[in-house]
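Chain IDs A, B, C and D follow the sequence of writing; residue 1 opens each chain.
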Amino acid sequence: MAAVTEFLNRNKGNIIYLDQHVDRQEKLFYMRVEWELDGFVIPREKIAEYFGTLVAGRFDITFWLHFSDKPPRMAVFVSKLSHCLFDIVARYTAGEWDVEIPLIISNHEKLAPVAQRFGIDFEYLPITKENKAEQEQKELQLLKDYDIDFVVLARYMQVLSDDFVKHYPNKIINIHHSFLPAFAGAKPYHAAHARGVKIIGATSHYVTPELDAGPIIAQDVARISHIDTVNSLMRKGRDLEKIILSEAVYKHLERKILVYNNRTVVFN
Amino acid sequence: MAAVTEFLNRNKGNIIYLDQHVDRQEKLFYMRVEWELDGFVIPREKIAEYFGTLVAGRFDITFWLHFSDKPPRMAVFVSKLSHCLFDIVARYTAGEWDVEIPLIISNHEKLAPVAQRFGIDFEYLPITKENKAEQEQKELQLLKDYDIDFVVLARYMQVLSDDFVKHYPNKIINIHHSFLPAFAGAKPYHAAHARGVKIIGATSHYVTPELDAGPIIAQDVARISHIDTVNSLMRKGRDLEKIILSEAVYKHLERKILVYNNRTVVFN
Amino acid sequence: MAAVTEFLNRNKGNIIYLDQHVDRQEKLFYMRVEWELDGFVIPREKIAEYFGTLVAGRFDITFWLHFSDKPPRMAVFVSKLSHCLFDIVARYTAGEWDVEIPLIISNHEKLAPVAQRFGIDFEYLPITKENKAEQEQKELQLLKDYDIDFVVLARYMQVLSDDFVKHYPNKIINIHHSFLPAFAGAKPYHAAHARGVKIIGATSHYVTPELDAGPIIAQDVARISHIDTVNSLMRKGRDLEKIILSEAVYKHLERKILVYNNRTVVFN
Amino acid sequence: MAAVTEFLNRNKGNIIYLDQHVDRQEKLFYMRVEWELDGFVIPREKIAEYFGTLVAGRFDITFWLHFSDKPPRMAVFVSKLSHCLFDIVARYTAGEWDVEIPLIISNHEKLAPVAQRFGIDFEYLPITKENKAEQEQKELQLLKDYDIDFVVLARYMQVLSDDFVKHYPNKIINIHHSFLPAFAGAKPYHAAHARGVKIIGATSHYVTPELDAGPIIAQDVARISHIDTVNSLMRKGRDLEKIILSEAVYKHLERKILVYNNRTVVFN
């Protein structure tokens, strides 16, 4: 930490955020630092090189450098359920997030009017067993064409192929409608009701090739009782899902998530 | 419901509690009614017979009849951890619960002084693979000798045999230190830490032959973060465990739990 | 309860929901019953009269009769903040609620585009000290013209006059951005931050002439810490506000809220 | 921060914990650092002097130095309710906390047997309007005689005088049975029931001369409904009270609480 702060101080970088975490078990040190470029001695295009040579190289540090004046570009994948999509575009429209959302991709046509209402391009790419590989190629091309930085699966009811996932490591955020690792896979509310749990949950996580097993970003829960039906679980769950998916998007946009060993450090 | 309330009204039983639940999916009706015996026309030893003939038989009702003037007798099984036991005896000593606790059974000697401090008999029955069947027989004999109605496993670190469990159907309450069905089995805090969840939980449930799969009575959760270690999960989890185990005991003592199809109806 | 269920049974009304609550302290009995009109002997326009004479009159019952085939009509009042409004129109558009929302009224023009996007009429009625009484008259006229049944204040930053409130008793739902009764009045997040609380909240309630003192319908909370600023409280609070306001609207639409003595019974 | 860590590094102090917080609004920097004395160059009795001169003096730092090899000594004040006391002595007996508890003071005799059971001295000092000043002098003398570092009010139903409080600034921890600042003062559960809130709470805080207005350390809440009576609020509240009081004691013992401007920084 001393080396990093010294590097910034020496080059007249005014630190405006600093947080760190020591994982004694894994013997790892995590750090997130934000500073102003006004008056910083090193030109922006040289920062990565200088920091890499003078600091990261000496201490075996893996680092990511982001500039906050260019908002990241995000694509949303949806199917038929609108609650997560509405929550996202509402925040986007209200200017809550520093992001660009130029593209919505869906395997159903149902939510096209939502996209239209908010002036976002909508691409309809229905998926069957037969055309899946082909359609995913089109999706990847679209993401490239739109210069997309990361993808949000807003209750997108298709499993992405390993190949697709590998194009966006720790850059695809999914919402799973259960308290993972409980009830991974299909129909978690039905499973929760059948098991008779007294609390349900929702989990946002980065997508990895293994289904519902990626690094968890955020989780939330709601109390239920014997009075609840599968339908009322779905109703209550929708609120958990949209809030905790948007929380994950927010933390991702703030670049406050570090991933290591399938677990996340999420800074405040 | 009309038949039950009519039966009570006609025989001058003053209803002081009534709650009901309709499970439309299972097509079941659950009901709990409490009334005063003062002035009730039917003598207490005849109530079950009359109700059985005049009401239950007509409507295919399964019923349990309890008299609240005789507190149930409870045995506590423990190993080395004291927090759940302390929570139980503290409530017992304070008179919070309408219960008798004459017996504590343990496979370790460590908590004998706690039992002694609170004037409760303590039986030390260490368990090995070889002597398990034999020791369980002694435990069952003790439960019989002490006229025990139900058993609470307060972080008892032994799996009860199927045979033992069958002697006390829906009468053995366990606390599992995870949010079931996530992390069933051994070392749930280690598993939760390894998976990187953001919320931990505890679950109290009736014991059935299948491990950690019995009807859930109550669950609680606590938020954690990347800062937490396995040790801090254990520390935070202890509070969840003791509160949610005692909640289950309280509901059991109030006879507010009905079990059907491995799920519970827990009345308010 | 027997009298009500008997009245329905005798007239061939198939009960599909029944919940009740006894308040022993106030000596009050609350009940909500829902039945099908198919096959019901009494014609719909005569139900209130017959029930009033044959049941309510005999037992000193106050009752409300609603028909679920006509969705209630709701108006939303807003100012500049969009999160609650978006949450409401998203649910409306998705068909989550059985309601008509023909009208949005605002003292600012800012959210007109949201109304337009969702095809809802938007009336701009700016309020000053001088014109308040006059503008409220126009609002009341609009509510009448649009045949509005109840009003939702979705972060509407004007205090309604007593006169206005009296036109819609228990029919105006407000969201207050604190855990009432803590931090009633203006700037609750600033007050919460200054006091150094560790949990913030939001409260939805019916509006009464006394500010922030009406019957509470729903409340929710979020944990915070010393790291939080007033801005982060606002950010976290927005999620609480929109969810708990919509929860109140949902319960109101389901007619599951009964008000007595400035408190609510909210059925499941 | 650099100055502090440099001071420790230069003198061979192995840092095992470091956390910091910047309050931009108040322009304050908070820091907590823990290091090993093995191999530390400065002798323990000189650390405060050297640190004061070489670091604190230069940067206008207020600092506290604690040695963790001497557990703090704590006194518990109680009245008639036992749940918080039991929770404290259970943790103490289990060795959960690094503390000595040699003394319990009470204005009632009721809990003397609890103290006796756990081998803790019990002093009975009944308080009336007339003898209050005199009895508080005796209490202060007892705290001195027992070499007490801090005091925990475990549902002690007497208001301490300003004079008493001033002897132990930020060293008296109280539990208030409401979600402060809501329902300060007497009978908060009655007040919560009368107001019809949907969530109740408990608050642990340092005692200051102004009643229930000291710096908040921890808060917790529980959902309630119209079904709850004042008695059931008390029952549910007891669990909140004991857990959140013990949480405050734990953080105090860990010296993880810093107080400034009537607010707390509570490190993880």
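Keep in mind that, in the parts below, a residue touches a chain if its C-beta (ideal position, glycine included) is under 8 Å from a C-beta of that chain, and two chains touch if they have at least 3 such contacts.
It should be emphasised that the depicted structure is a prediction, and the values quoted were computed from it without experimental measurement.
Identification of common neighbours of subunit C and subunit D yields A, B.
Chain pair with the larger contact count among B-C and A-C is A-C, by C-beta pairs in contact. Subunit B and subunit C have centres, each the mean of its CA atoms, that are 40 Å apart. For the pair subunit A and subunit C, the distance between mean C-alpha positions equals 34 Å.
In subunit D, the residues touching two or more other chains are 225, 227.
Considering their complex, residues 82-83, 86-87, 90-91, 93-94, 96, 114, 117-118, 225, 227, 235, 239, 243, 246, 268 of subunit C touch subunit A. Partner subunit A is touched in their complex by these residues of subunit B: 21, 23-25, 179-183, 195-199, 201, 215-221, 225-227, 229, 262-266. Interface residues of subunit A, counted against subunit D in their complex, comprise 1-2, 5-6, 223.
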